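Below are structures written as structure tokens.
You will see two complexes here that share chain A, one where it goes with chain B and one where it goes with chain C.
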Partner chain A sequence: MQDSASRFGYFVSPDRQIDFDRNNHEVASKVAAAEPGLNWCISCGTCAATCTAAKFTDFSLRRIILQVKRGELKGLAREAQKCMLCGKCQLVCPRGISTRNLILQINRVLQSENL
Partner chain B sequence: MSKHVAVVGAGIAGIEAASILNAMGHSITLIEKNEILGGHINHWHQLFPNRRQGRDLLEKLYEKMDDSIQVQYGKEITSIKPFSGKFIVTAADGWVTNADAVLMATGFDLFDAHKKEEYGYGIYDHVITSADLEEIFIQGEGLNPRLGKDPQRIGFIHCVGSRDEKAGNIYCSKVCCITAVKQAIEIKELYPSVEVYCFYMDLRMFGRHYEELYQEAQEKHNIQFIRGRLSEASENKQGGVVVKVEDTLLGKPLKLTLDLLVLMSGMVAPVAVTNMRDKLGLAKVDDGFLKPVDPHTQANLSELPGFFMAGTATGPKTITDTLTDARSAALEIDRFLKEII
Partner chain C sequence: MTFDIFVLPFFIGLLFLLTVLFVKFSRWIALIDRSGRRKIGYGLFSMQIFPATAEVFMECLLHRRMWKQNKLLGFMHMSFALGWFLLILMGNIESRVYSGGHINPPYYPIFLKFFVHDKRVLPFELNTMPGFFRFSMDFILLFVLTGIVLALFKRIRSRWFGMKRTTRQSSFDRWAITCLWLIFPMRLLAESLTASHHGGGGFLTNSMGDVLASILPDNFLTSTAYISWWGYSCVLGIFFITLPWSRYMHIPTEVVMIYLKHFGVKSGKTINSFSEIEMRACPRCGVCIDVCQMNTAQKTFSTPVYFLRSLRKKVPVPIVDNNCLLCGRCQQVCPVQIDLLDLRVASRNLDNKQIDKIYSYLPADVPDSKGINVLYFAGCMGHLTPSVKKAMLKIMQAANVKYRFMDADGSICCGRPLMMAGMNNAAHSVMEKNRQIIHASGARILVTSCPICYKMFNEEYKLFGVEVLHHTQYLLRLAEAGSLWLNQSGLSVVYHDPCELGRGSAVYKEPRKLLKRVARLVPVAEEKENALCCGGSLGDFSMDHYQREQIRDAALEVLTRPNPDLLITSCPLCKKTFHNGTDINVKDIAELVAEQMDLPEPVEIDAEELAY
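The block that comes next holds the complex of A and B.
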């Protein structure tokens, strides 16, 4: 509160631009090496539409995949763990991606990189 | 006595229609403004979706051309006038011919990418068009002479001059999406470690085996597709091209640096053809292309009896559709010539 008062109510907005040049692309290449389906995704969102977890939280496999590909990893490890591995997304994916393995690999790589 | 048809334009549509009409027994003059046959395909290295050489397709079409077809080179047609049941066709150099029917196989011009100034074509060294890239492929020396190094990151911008009110063209040029996918794959084959990004609004993989090529681009070549239209490109000190787009699927602006930016130039109607259309008082469409009487059942006919059109003269088309359209025009012309006897 005091901090806010000393700034006279002003604050600095964080840059929300994706800085692709600086972002971490290691995670994406490690995940793709373990599960090539990462690169087949067309962001159609069928996985997210059928997701049980998405009904009650804002969990979205579609978004997680994109974040990995863009190297937008902040808060991602925690987010990716919300998956309950029910596998409904795998039944509906039009590109035949092994989505369950994909989320497992994303979790594994994010943990091994301490992210 | 055989009837005389003037086919204006010796690109693939003109060649195909001329060959067929000639085989049907009509007398054909094929009129070309350049000194060679083949039109745009002369400058295209490989064709989608099967990656055949552009050269190879032209050879196939030339094989079917009979010597009895009279070809006129270097004749830019400036006027076509109906005159007592015939047409007087005049070229810029004064050359004139009379014809019982005219086929406009006048094709398209590439959109001039300079007009999208914010993309930096003609301003930054490392911004080129899809047509420039095909020439580079034909030259066979790769990108190193231009870049001075192996490229690490290349971007393709879809819909340059297409689906863009600001460019004056609201239509889709149809072939650029799949051409970008094809060119991206060719680049990956030349430089396997290069990262390739395609920036698109929608991907229109409508044709047979286009979707398969798109899938191959993702699965085999790891080509990345980012949904977002380029707002502007700028150059950094090292000569790299910095692009800014909205990653519309993540809902965030995105910035990245490329070694080369390729603009997928669309198709536009040649101004001279639009002017000829208006002089003849034919039906207009806003985009300057020729307008058929009926887009489904009379796609090669104008309101002027004896005045026909084929290929991209009536709007963007693939090679497959252009050749089919040319054959259909030949049938319509044959029917017309038999009726006027």
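The block that comes next holds the complex of A and C.
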């Protein structure tokens, strides 16, 4: 990377377009096969709002689910390992998703795919 | 004559069985860890041997727990077990009478009536030694045969035996059970046919022999007698050979398991050698099937009897392992008292142990707060039911308790949900953090509102110098010490035992005592040890919301039958689960106590009044 002086104040920013066709959808289908609740999620974020772990760190089940669905898996395995399985999200979920099983399945699939 | 070629199937089967059992058991016991083996070593020469032997007699022969379940079921099992045991025991003694006290080859007592025809004694001659034995042996045979009739009848009308559903048998079990059911009728037939032309039968075999002799020709009798002795020997042999891989493996395994349990060997959080013994001690009786609440929500094949079947195959089936509320109703009724919950969690450990967890984000600093007596932990579920938490704080302030609210701004999970998933290492890293916080607080008592946390702190944390109490226990203690003045509201209430507090921790008395001070407690159909699960349990990983609702509604149906003013529970999770399912107001016991509480009157005023 050149320093800013040699860039004359201009540079081309990296491509931020998300190409869904190139993303890995296999994880989403595997997770959905083990826990169909993945597809019921309406991304309301109630789970993230009540989360025990989110009190201490940047952790959001809503974001993890979105990333799995979109196939944006970079750094996701580590992110999903922060859950303590306490089950608060399961009780508040308006869609009645078995969130604890969902996160376990996400953990399992990401880890078995070595992502 | 002390030998005939027909004894060989029996004899080979017996030798085969004994060899297989010896190999299997010595391998399992050799694989038990060092501390377990030491316990066995001490136990064998301790007083524990007596209660263990008594339990073997009560459970393996008399089937006491089966009797508790259902009288007919108990009698059926007892007639098989005790009857067969007595046949072997009495048969052995009887054979000694004829052999002059010598030890006989093992087949000799079994086929005694083939080798010895004692025509001198009459069927009801009880005052001589041979006569007594002849009568008793026939009587015991009749006893076992009634068991077989009942077992056949159970196939048609299992409800009479207190069972709505029975176990689906595997093909190996069908072989074994067919042989088992044939053994005793074959014995009766062989002994009767022999008695018909040789005489020397008891009241049963002699009279049956007479009947057979009157309807069948003589030469036919002699040939069929010999064939039926062959048949008797063969069914015994096949039964013995199939036994180690069939449900009847529970007969020897249960005995070993009872002794090991008395010696202090335990199943752990992972599948170990003792678990191998426990999973084979299951007789597939199916008593666990009916009590399982999963039946109300689904057609389930993950009830303990089927779960153990999948566990024995050594291939983890996560769907079966995960489909369980861990409510413990099955363990409560299990006639063999297998640690079903431990086994379930241990098998989940096989499924989930490779999943890593990271908790390095938990805060490193530990709040320091000296000068308090009580540490209050609302828990994750407690934070979802703020009314419970508020009620507890109100009560403790009113009672002038020097407390600190440990998780006032968000709790770190106690680790039990992780442990229920079999993720022990992950659970321990969470536990370590909580342990530091608890010990740094200097509190002597840890009060928790959530039974899940209570069970965890109480059993797993090993908090030396800190007493762990559930809020029902603590509030009762406050009330009994006079720190709380409670009014009797007169409301009729039913109490729901949370699984983790009731069956999980055996706290039944305290909540009821406390409730009786503030309300009129109405009994419900299924309570205490038999209490129903609310359906919200964190133990299950596979059910969806709608199945949970069905379980909840079935439980509510039982709980609200007395039409109470209030439905009281002592678990925030149960409260939250029940809340949406009924018109009856659902409250935690702490909320009711907080409502019915008066501030204690100052003692000085009383003293002044007395002075005047």
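The definition used in the following text is that the second predicted complex is superposed on the first by the 101 of 115 C-alpha atoms of A that agree within 3 Å, B and C clash if a C-alpha of one lies under 4 Å from a C-alpha of the other, contacts with A are read in each partner's own complex, and residues count from 1 in each chain.
Note that in this section a contact is a pair of C-beta atoms (placed from the backbone, for glycine too) under 8 Å apart; a residue touches a chain by one contact, two chains touch by 3 or more.
Owing to the predicted nature of the structure, the values given are computational and were not obtained by experimental measurement.
For the composite obtained by superposing both complexes on chain A, the positions of chain B and chain C are free of clash and fit together. After superposing the two complexes on chain A, the angle subtended at the C-alpha centre of chain A by the centres of chain B and chain C comes to 110 degrees, rounded to the nearest 10. By the document's definition of touching, of the two partners only chain C reaches A:Asn101; chain B does not.
Judged by the touch definition given at the top, the superposed model places A:Gln17 against chain B, while chain C stays out of reach. In the superposition on chain A, A:Thr52 contacts chain C only, with no contact to chain B. In the overlay built on the shared chain, the residue A:Arg63 is in contact with chain B alone; chain C does not reach it.
Contacts of A:Leu76 after superposition on the shared chain: neither chain B nor chain C is touched. Of the two partner chains, neither chain B nor chain C is touched by A:Val27.
Applying the stated contact rule after C-alpha superposition, one finds that A:Asn39 touches chain B and leaves chain C untouched. Set side by side, chain B and chain C differ in how many residues of chain A they touch, and the one touching more is C. Of the two partner chains placed by superposition, A:Cys89 touches none, neither chain B nor chain C. Minimum Cα separation between chain B and chain C in the superposed model: 12 Å. Chain A residues 36, 95 lie at the interface with chain B in one structure and with chain C in the other.
By the touch rule above, chain C contacts chain A in their complex via residues 322, 352, 354-359, 361-363, 380-381, 383-384, 409-413, 415, 417-418, 421, 423, 430, 536, 538, 541-546, 548, 573, 576-577. Looking at the complex, you find that chain A touches chain C at residues 36-37, 50, 52-53, 55-57, 59, 78, 81-88, 91-93, 95-98, 100-101, 104, 107-108, 111. Put simply, chain B touches chain A in their complex at residues 215, 218-219, 222, 224-225, 227, 247, 249-250, 252-257. Remark: chain A residues 16-21, 32, 36, 39-40, 42-43, 62-63, 66-67, 69-70, 72, 95 touch chain B in the complex.
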